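Here the chain labels run A, B, C and D in written order, and each chain numbers its own residues starting at 1.
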Amino acid sequence: MTRVAVVGGAGYIGGDLVRILLAHPEVDLVAVTSRSLAGRRVDGAHPNLRGLTDLTFTDPGRLGRCDVLFTAVPHRESMGQLGRFAALADLLIDLSGDFRLRDPAVYAAYYGVEHTAPGELAGFTPGLPELYRKELAGADRIAVPGCMATAAILALHPAAADGLLTGEVTVDARTGSSGSGVSAGPENLHAERSGAMRVFAPTGHRHEAEVAQATGLPTRMTATGVEAVRGVQVLCRVTLAEGVDERVLRAAYRRHYGEEPFVRVVAQKRGQYRYPEPKLLAGSNYCDVGFAVAPGSRHAVLIGALDNLVKGGGGGGVQSLNVRMGWPERTGLGFPGLHP
Amino acid sequence: MTRVAVVGGAGYIGGDLVRILLAHPEVDLVAVTSRSLAGRRVDGAHPNLRGLTDLTFTDPGRLGRCDVLFTAVPHRESMGQLGRFAALADLLIDLSGDFRLRDPAVYAAYYGVEHTAPGELAGFTPGLPELYRKELAGADRIAVPGCMATAAILALHPAAADGLLTGEVTVDARTGSSGSGVSAGPENLHAERSGAMRVFAPTGHRHEAEVAQATGLPTRMTATGVEAVRGVQVLCRVTLAEGVDERVLRAAYRRHYGEEPFVRVVAQKRGQYRYPEPKLLAGSNYCDVGFAVAPGSRHAVLIGALDNLVKGGGGGGVQSLNVRMGWPERTGLGFPGLHP
Amino acid sequence: MTRVAVVGGAGYIGGDLVRILLAHPEVDLVAVTSRSLAGRRVDGAHPNLRGLTDLTFTDPGRLGRCDVLFTAVPHRESMGQLGRFAALADLLIDLSGDFRLRDPAVYAAYYGVEHTAPGELAGFTPGLPELYRKELAGADRIAVPGCMATAAILALHPAAADGLLTGEVTVDARTGSSGSGVSAGPENLHAERSGAMRVFAPTGHRHEAEVAQATGLPTRMTATGVEAVRGVQVLCRVTLAEGVDERVLRAAYRRHYGEEPFVRVVAQKRGQYRYPEPKLLAGSNYCDVGFAVAPGSRHAVLIGALDNLVKGGGGGGVQSLNVRMGWPERTGLGFPGLHP
Amino acid sequence: MTRVAVVGGAGYIGGDLVRILLAHPEVDLVAVTSRSLAGRRVDGAHPNLRGLTDLTFTDPGRLGRCDVLFTAVPHRESMGQLGRFAALADLLIDLSGDFRLRDPAVYAAYYGVEHTAPGELAGFTPGLPELYRKELAGADRIAVPGCMATAAILALHPAAADGLLTGEVTVDARTGSSGSGVSAGPENLHAERSGAMRVFAPTGHRHEAEVAQATGLPTRMTATGVEAVRGVQVLCRVTLAEGVDERVLRAAYRRHYGEEPFVRVVAQKRGQYRYPEPKLLAGSNYCDVGFAVAPGSRHAVLIGALDNLVKGGGGGGVQSLNVRMGWPERTGLGFPGLHP
């Protein structure tokens, strides 16, 4: 059994990661840290885990060595503690934003602070097996992309990689309330957010930079919080290169994703679920992607959907771990989501 | 014009009271206080009021004289400051829990603190025109009942007043998230409360004591937070006195409420809205009441529904003000609610 | 009193129109028709109106003369019956899609059927006082724009009219479930739609053509159903003309909308309600508009929000009626919406 | 591998049963029937299963022999076709209401029709391992109890079986919208049901009879639809026998459920999840139960919560199947539910 610890396990991403790791047959979850809840039961913060674990939170300062360390801490903290983390485990899987962007100047522009460990950036492999499976097999440091970035990158990748797009990409991203985290402020009270459509980042959301980096396309992202607990959906408006039509697009998606365990191409003629719908994906590690072309035009909309706490969070990290360890990629990630 | 001020106007109850008062044709809203937001625009805290007022919050310490003072402050604070409030206006309308219970021992039992102004309790008239219209006409101090208490009292009143009930009443009360207030903690984040059915007071909710006091019947109340922003619904299980059947019950409701401007009897044979439904009442001052008798039995369920921030809050206060001032009772309270 | 009738009053738009008309001080609502519910009480279909009206639905075939006829019927039916409607009243206010587009070829392209009364198109004035107030003063036939079109047109208008934009507009439109109507199919069951983000028109939504017509700008619209009952929000991505910045934009919005009774400019520096939020507008006739410019760029997002059943439905029609009759424009439309 | 078929697999209960069976390591799902969707893909009706199955719906008339037959058909149909079902498989697991009540007179009273196969009632064992594990080990016909009945029976069982209760039980049951099924009418549209608290059975709900039968206690049940997709919660008001207090109650729950794989006792001192919360149980086979005693009284509230489509539906059936086949009881039922 591989000994795994989670740093920052009191939050929503950390909690869902713990849920997945507890059921993972190759993993022995040895510690979950929380500064504020040290000594308290893990199932107190994550009551869905009652009966599944007797773990208590470990004070981060008392964490011992393990094989794999997941870090689910706020950005800045991750780069600040990288040395400590690296001393604790040979394999690091970081869920923060600190090691996602290769260029420290881009980091500074989007995060508003200088990167304090720019020399380490090149050492991280993106935790996105669909694009970096080969690199992940030998990686010792993995940075899982942001939730909206993951959805957008996977929606765009087949078309971008095959050169089927031209010009700028604009991404309209919508996200549920769990993305604001367990320590969100009063603006995320149920009474405020229920039924709301909150444009919290009309321009320049941080995940925009990740999409541009992964696709090589100039990108504009707008982010809105809509009523859902889990779930991200992105609509990417693109211009197709000359001669590209829906048939060509479909073939590209099939070719790139036909064998992918966690990407489904959803672009049907009818039905209320003919395009990717995050409602179906709560708890699942799938990212559904689809597309629609405006008839007689080169204008297309590429769509992606996922659960921000699974494929866009800890699930993406565990999938990367599976790849890295040579375990079957679906291990521990079998839950398909519910309907209705 | 009658000069009115609101103490504690930054919360949900205070804010909705401000909305009603701004549109009230007899009222000049001269001040709204908030300790934390003093000097800031009122429509910053209550953005639905943009364009309707340029008021800024007044520091409570700088509040001047006016004709009517609404106090929407936490319990304990209201009894603590009664002297100050009384010096500011001749007519006080209190929305806190401090002056609802006549017996200070009952107050102590339900609120966990001694009442600090027990001699003032008898000076308050309940702000519930359906039961105390005559008394309100001459009242100078009015205490608006709690939201769930209002719904339960109005659901029970015709049957209780006419001696149609026997034994104990059990009240199952459900409430939306606005009842937790604007300063609710992280347990009321959207991600936590969406889709939840939270039993927050399985026994002994404070409003239980108000129901027992108003109806004279021993009462048990259970309170659950369900998914809605506004809205309270109560199901009161009762035993009918011998010989009482649905026909008798219906006649009692008609007789008591036939002329009431804000109580509608809703007990129909079919349709999804055949019983009181708070969804229809958001923003409205109606309390809908209904009933169902188990065939061939003396077991009945009396049902009430209202908007906790209107009829169960500031709207009930304004209705009482209308009665007190001799204005038409519906003044300023005309919005009927929406469907769907 | 002006005698008004509503054709097609059993649906959501018709029902909310009835709510507004019943409280309108200049209007005598003489009839509401419904084929399927003829003879049944209006408050059976619209239970929020209990106690406010004793009207029963009239069979459409038995409708008599009146002063003003609102028609809230499906598209195709409106153009098919125009002759009959015109014989019933001198002033027609149509809420369907049939008379919104001036060019019958565009109608055919977007609605998939030929227009059967192309000669009548020029006789209709758009029911959008912000753009057509002068024309409405003398209009006898008024076509209220679609809900998403209204939001987008009002969001774009100041910038478009002043020549501040260049190139194509892409509109990301989100709408609540009431837009699907009372006769929506099983795909709109609560169990299916709760928490969903349903891309129902990734390209070519009908309202797209109205936006292009009103603004003169090539337009692409994507429409998604999100979790809310009422409410439309549009995000319009635009490219600013050279030299246009946020200051210029803000000045244009102020100049165009500074005196508008039902448009508020919402573009603040902070707060969860710093951009237009439909949650605040349920039941209200406001359309809130705002904007954000990506720093150091000519990329901007123009945002609009409204209640699809009020400003984007019957409320827009009543506002147009007020203009047409010379009544104060706010008459009967005073409800500001709720928070929370 | 055991060959299993599902009759009536197009609905919500059937669909979730298919989800569980597809992942069950001992089961080979050989057929899923639907009259209306025969020949269509199963993942068309249940899009969360995309990529997990290529099954198409079988016409019920063409269903062949198998080892186990689950029947998820409407009541009346199940008893009408029992002979056919029995010819198809040696083990029947029925999810309808037809074989839950032992007394045909009670069935007639609650279902409004005569039972057409009263002689078969005694042949069915309730699919509730917590009460009937021994009997299930040898059962060939299993009737899974109703969702609200399951929650109430499990909440009441320890106290009822140990003789800790006296007098009547009243059950306040709340359920999410999936309970109305995929063919629910327009009253279950999202626009109608969102935020609603719909008292659909103030007295005499059918599951009431099941609770009385299983506990031996006179029972009154009230049923309300609240806003959630999945989830049932019951509040059972009881009177404790003399001398019974919270300590005695807790001991009974621990003794009865300490070893149960799918019942957790949740009755804590603090926290928003201190009582059973169905929100945590979506997709899981747990039934959480808890209790609260009014201080200084014999009045108690016993609480139960579950997912109506899993523990209150197909999951309860699969758990019973596991018991019957001698497989580990948790097989195929490991998903714990999500937070948030």
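Annotations for the structure displayed:
One rule holds in what follows: contacts are C-beta pairs under 8 Å (C-beta built on N, C-alpha and C of every residue); 3 or more make two chains touch, one makes a residue touch a chain.
Because the structure is a prediction, the values reported are computed rather than measured.
Common partners of subunit A and subunit B, by the touch rule above, are C, D. The greatest centre-to-centre distance from subunit B, using averaged C-alpha positions, is reached by A.
The chain pair A-C and the chain pair C-D differ in C-beta contact count, and the higher one is A-C.
Chain centres here are Cα means. That of subunit A falls 38 Å from that of subunit C.
Subunit C and subunit D have centres, each the mean of its CA atoms, that are 45 Å apart.
Contact with two or more other chains is made by residues 12, 176, 178, 182, 189, 191-192, 194-195, 227, 229, 271, 277, 340 of subunit D. Residues 12, 176-178, 180, 182-184, 186, 188-195, 227, 229 of subunit C are the ones touching subunit D in the complex. If you check the complex, the residues on subunit D that touch subunit B are 170, 172, 174, 176, 187, 189, 191-192, 194-200, 202-204, 220, 222, 224, 226-229, 231, 233, 235, 237, 271-272, 275-279, 292-295, 299-301, 303, 305, 340. Residues 12, 15-16, 19, 23, 44, 46-52, 178, 182, 229-230, 264, 266, 271, 273, 277, 280-284, 286, 288, 334-340 of subunit C touch subunit B in their complex.
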